[in-house]
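Consider the two complexes below, in which chain A is the common component and chain B and chain C are the respective partners.
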Partner chain A sequence: MIDAPGLRWLPNGQSVLSGPLLGLTEGLDHRFLSLAARWDAADHRFPTFLAATVLERIDWFRSFPQLATFPVSLDPDEANLTSFTAGQPVDGEGRVRPTSFAPIHDVLTPAACYHLYDHHQGRAFDRPRYFTTRNTCFRREDHYVPLERQWSFAMREIVCMGTAGETRAFIDQATADVDRLVAAIGLPVRWAHASDPFFRPSENPQYLMQQVDPTKEELLFDDRLAIASTNLHHDHFGRAFDIRRDGEPVRTACIAFGIERWVAAFLHHYGTEGPWPAL
Partner chain B sequence: MIDAPGLRWLPNGQSVLSGPLLGLTEGLDHRFLSLAARWDAADHRFPTFLAATVLERIDWFRSFPQLATFPVSLDPDEANLTSFTAGQPVDGEGRVRPTSFAPIHDVLTPAACYHLYDHHQGRAFDRPRYFTTRNTCFRREDHYVPLERQWSFAMREIVCMGTAGETRAFIDQATADVDRLVAAIGLPVRWAHASDPFFRPSENPQYLMQQVDPTKEELLFDDRLAIASTNLHHDHFGRAFDIRRDGEPVRTACIAFGIERWVAAFLHHYGTEGPWPAL
Partner chain C sequence: MADRVALSTDDDLDPAPAARPSAADPATGTVPDPDVTEPDVREALRSWIAERNPELPPGEPADDTRLIELRYLTSLQVADLLLFVEELRQEPIDPASLRPGVFRSIDAIHAAFFS
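== the complex of A and B ==
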């Protein structure tokens, strides 16, 4: 387990960052934003929660039920709250002992870019559009590793909505820009085909499609840790969210950066104390 | 309801920010960080979740059960996940139809500074210490108002841990600094005694204490909207988290800034289009 000044690992699968390490995370995000500037990508700050109906449109719950975390509150009825406070709200093992819950309408954001498709639902574009967003993302896993596999982590994404040619050109350009960045700082990485962590993959048509037509490439640090990925979605989101380009469902593509994983790569490759390569 | 370019209000009580409005939120946080620099306050990035045991130490669940939002995942047992995916994960009203939940150990951060008391649990200081942190905070409310009362919002806090005299001096200095800031930009505000939104306040000793010995002051914009608050906690957190100063429970105090509420004040007072006063 990695040990670095300014890093504290918590039993709930999340980390605390301070000092130079916090500066490094912000420096990395600033660098990713400077890549986004090539396309004049407009930055958006979306909330932590995403309406469940948004993910239902792309059948996300059937694909990734194991990853979902829901924000849940107690039923606000006074008798229900009183019953909660009259009991023992947290037991000796640190488990909450809830009374009745209110209905659940949301999910904690599992990937930053989903918000953008919902945000542009029903729109029609007549030229390629580029957006960027950073969000805290949440994925329930069966085990966690500091900075590398956390219940919550920061993700910066750059998204292109356009024609098939424009999204392909976007991915090629983003890949070249990232190759230049990692070459400049000397980080040992390589690109590799990848697929998403589907539940019961062999029964999922989306997984099977990814095998036949690879649309996801991951940038692997040290042959094992995906610190970025590029994704060609074809018209998957354009259809689901009725976003059009010249009358057709828009094509979309994104590049995503897992910020804590870049920090992990820096600590493993350049040492935990810094100074780290200038960004 | 406020309408501004770059602001989008969502039905789940949260907002999307882009363009100059996103720049304004970052400019505000940068200005609050520059206030923190007076004390060399070390910046910390804490996770979104806080262990329920941390809040249980200060009996938070009995004081604010109505505000709590819990991060909840499905029981990862394959039969349980299969049963979820075999049904209709989201019903026609947009409500999630969960199968069994895994045990709940965490809460979505309700106030940024709680993490700091847990972080320093068991420590002994021999001089005043100052910290700052920004986090997304979550409070379930019975109604929401864009930028002013959201299910999730950004909070920057500066915290002092020291003697009674040092925490008092910190609050006085922070108040004077904020007074200078709002005078420089011409925002109409005043300080007023306040109390926290306790559940069944008349039965809560902590609420009664706040009435007898006012320890919370809110900075009200337009005589109605609290955009910042100062809080003297006496030895409340020092005792609960066993943080000591010269052998005694440390005293703590904080100043908190509700970033979206500052944005709301700017939009109401200076207009929705900008340019807004330089920070």
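== the complex of A and C ==
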């Protein structure tokens, strides 16, 4: 397990960053934002909650139920709250002892870009559009590793909405720009085909499609840790959210950066106390 | 379950749209048909795609039309196409063995499963 000044690991799969490590985190995100500037991508800051209906549109819950984390609250009925407070709200093993929950309508953001498709729902574009957003993302996993696999982590994404040719050109340009970035700082990485972590993949047609039409490439640090990915979605989100380009469902593509994973790569490759390459 | 599309010439493919029919599966009673020619296969694939894309002009998609890139084949249809290809060639296909590009076009499907 990595140990670095300014890193505090919490047993619930999350980390606290401070000092130079926090500076590195922000420096990396600043660098990713400078990549987004090539396309004049407008930055967006969305909340961490996402309406469950948004993900239901793309059948996300059936594809990735194992990753979902929900914000829950107690049923506001006074009798319920009275019952909750009368008991022991948290038991000796740290488990909340709820009485009754209010209905759950939201999910904690599992990937930053979903907000953008919902945000632009029903729009019609007549030229390629580029957006960027950073969010805290949540993915329930069966185990966690500091900075590398966390329940919550920061993700920066740059999204293109356009024609098939424009989204392909975006992926090619983004890949080239990232290649230049990692070459300049000397990080040992390579791109590799990848698929999303579908629940019961053999039963999911989207997994089958990713096999025959690879649309996801991951940038692997040290042949093992995906620190970025490019994703070509075809018209998947354009259809689901009725976003159109010249009358047709818009094509979308994105590049995503897992910021804590970049920090992990820096710590493993350049040492935990720096100096780290200038960004 | 795969929808069936008749070959353009006489054929004796098992008409029962059984899941994953196999030449080795006695339940389906299917046997390879040596009379199914390459043009038959291409025309059957073309018809299968065209049925699901009624906006396509007659004769389309061409053998080299990029089926996935142009969205004539979506993720919801790819599993059905796999079943249809299994029926056409009268042999099962292990989904884990599928390689990138095998459903890119009719040419690619033919090269991957019928050559």
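Operating definition for what follows: the second predicted complex is superposed on the first by the 279 of 279 C-alpha atoms of A that agree within 3 Å, B and C clash if a C-alpha of one lies under 4 Å from a C-alpha of the other, contacts with A are read in each partner's own complex, and residues count from 1 in each chain.
We take it that a residue touches a chain if its C-beta (ideal position, glycine included) is under 8 Å from a C-beta of that chain, and two chains touch if they have at least 3 such contacts.
It should be emphasised that the depicted structure is a prediction, and the values quoted were computed from it without experimental measurement.
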item: First, second, both or neither for A:Gly19, with chain B first and chain C second; value: first
item: Which of chain B and chain C A:Thr53 touches, first, second, both or neither; value: first
item: Dominant contact partner of chain A by residue count, chain C or chain B; value: B
item: Which of chain B and chain C A:Met1 touches, first, second, both or neither; value: neither
item: Partner chain(s) touched by A:Gln206 [first = chain B, second = chain C, both, neither]; value: second
item: Which superposed partner A:Ala278 touches (first chain B, second chain C, both, neither); value: neither
item: Which superposed partner A:Ala164 touches (first chain B, second chain C, both, neither); value: second
item: Chain B and chain C contact sites that coincide on chain A, given as residue numbers; value: none
item: Residue numbers on chain B that touch chain A, as the complex places them; value: 8, 10-12, 14-19, 22, 25, 42-49, 51-53, 55-56, 61-62, 65-66, 68-74, 76, 81-82, 84-85, 89-90, 93-96, 98, 102-108, 115, 119, 136, 138, 140, 142, 151-152, 199-200
item: Interface residues, chain C side, partner chain A - complex; value: 68-71, 74-76, 78-79, 82, 95-96, 98-104
item: Residue numbers on chain A that touch chain C, as the complex places them; value: 164, 193, 202, 205-206, 208-209, 211-214, 234-236
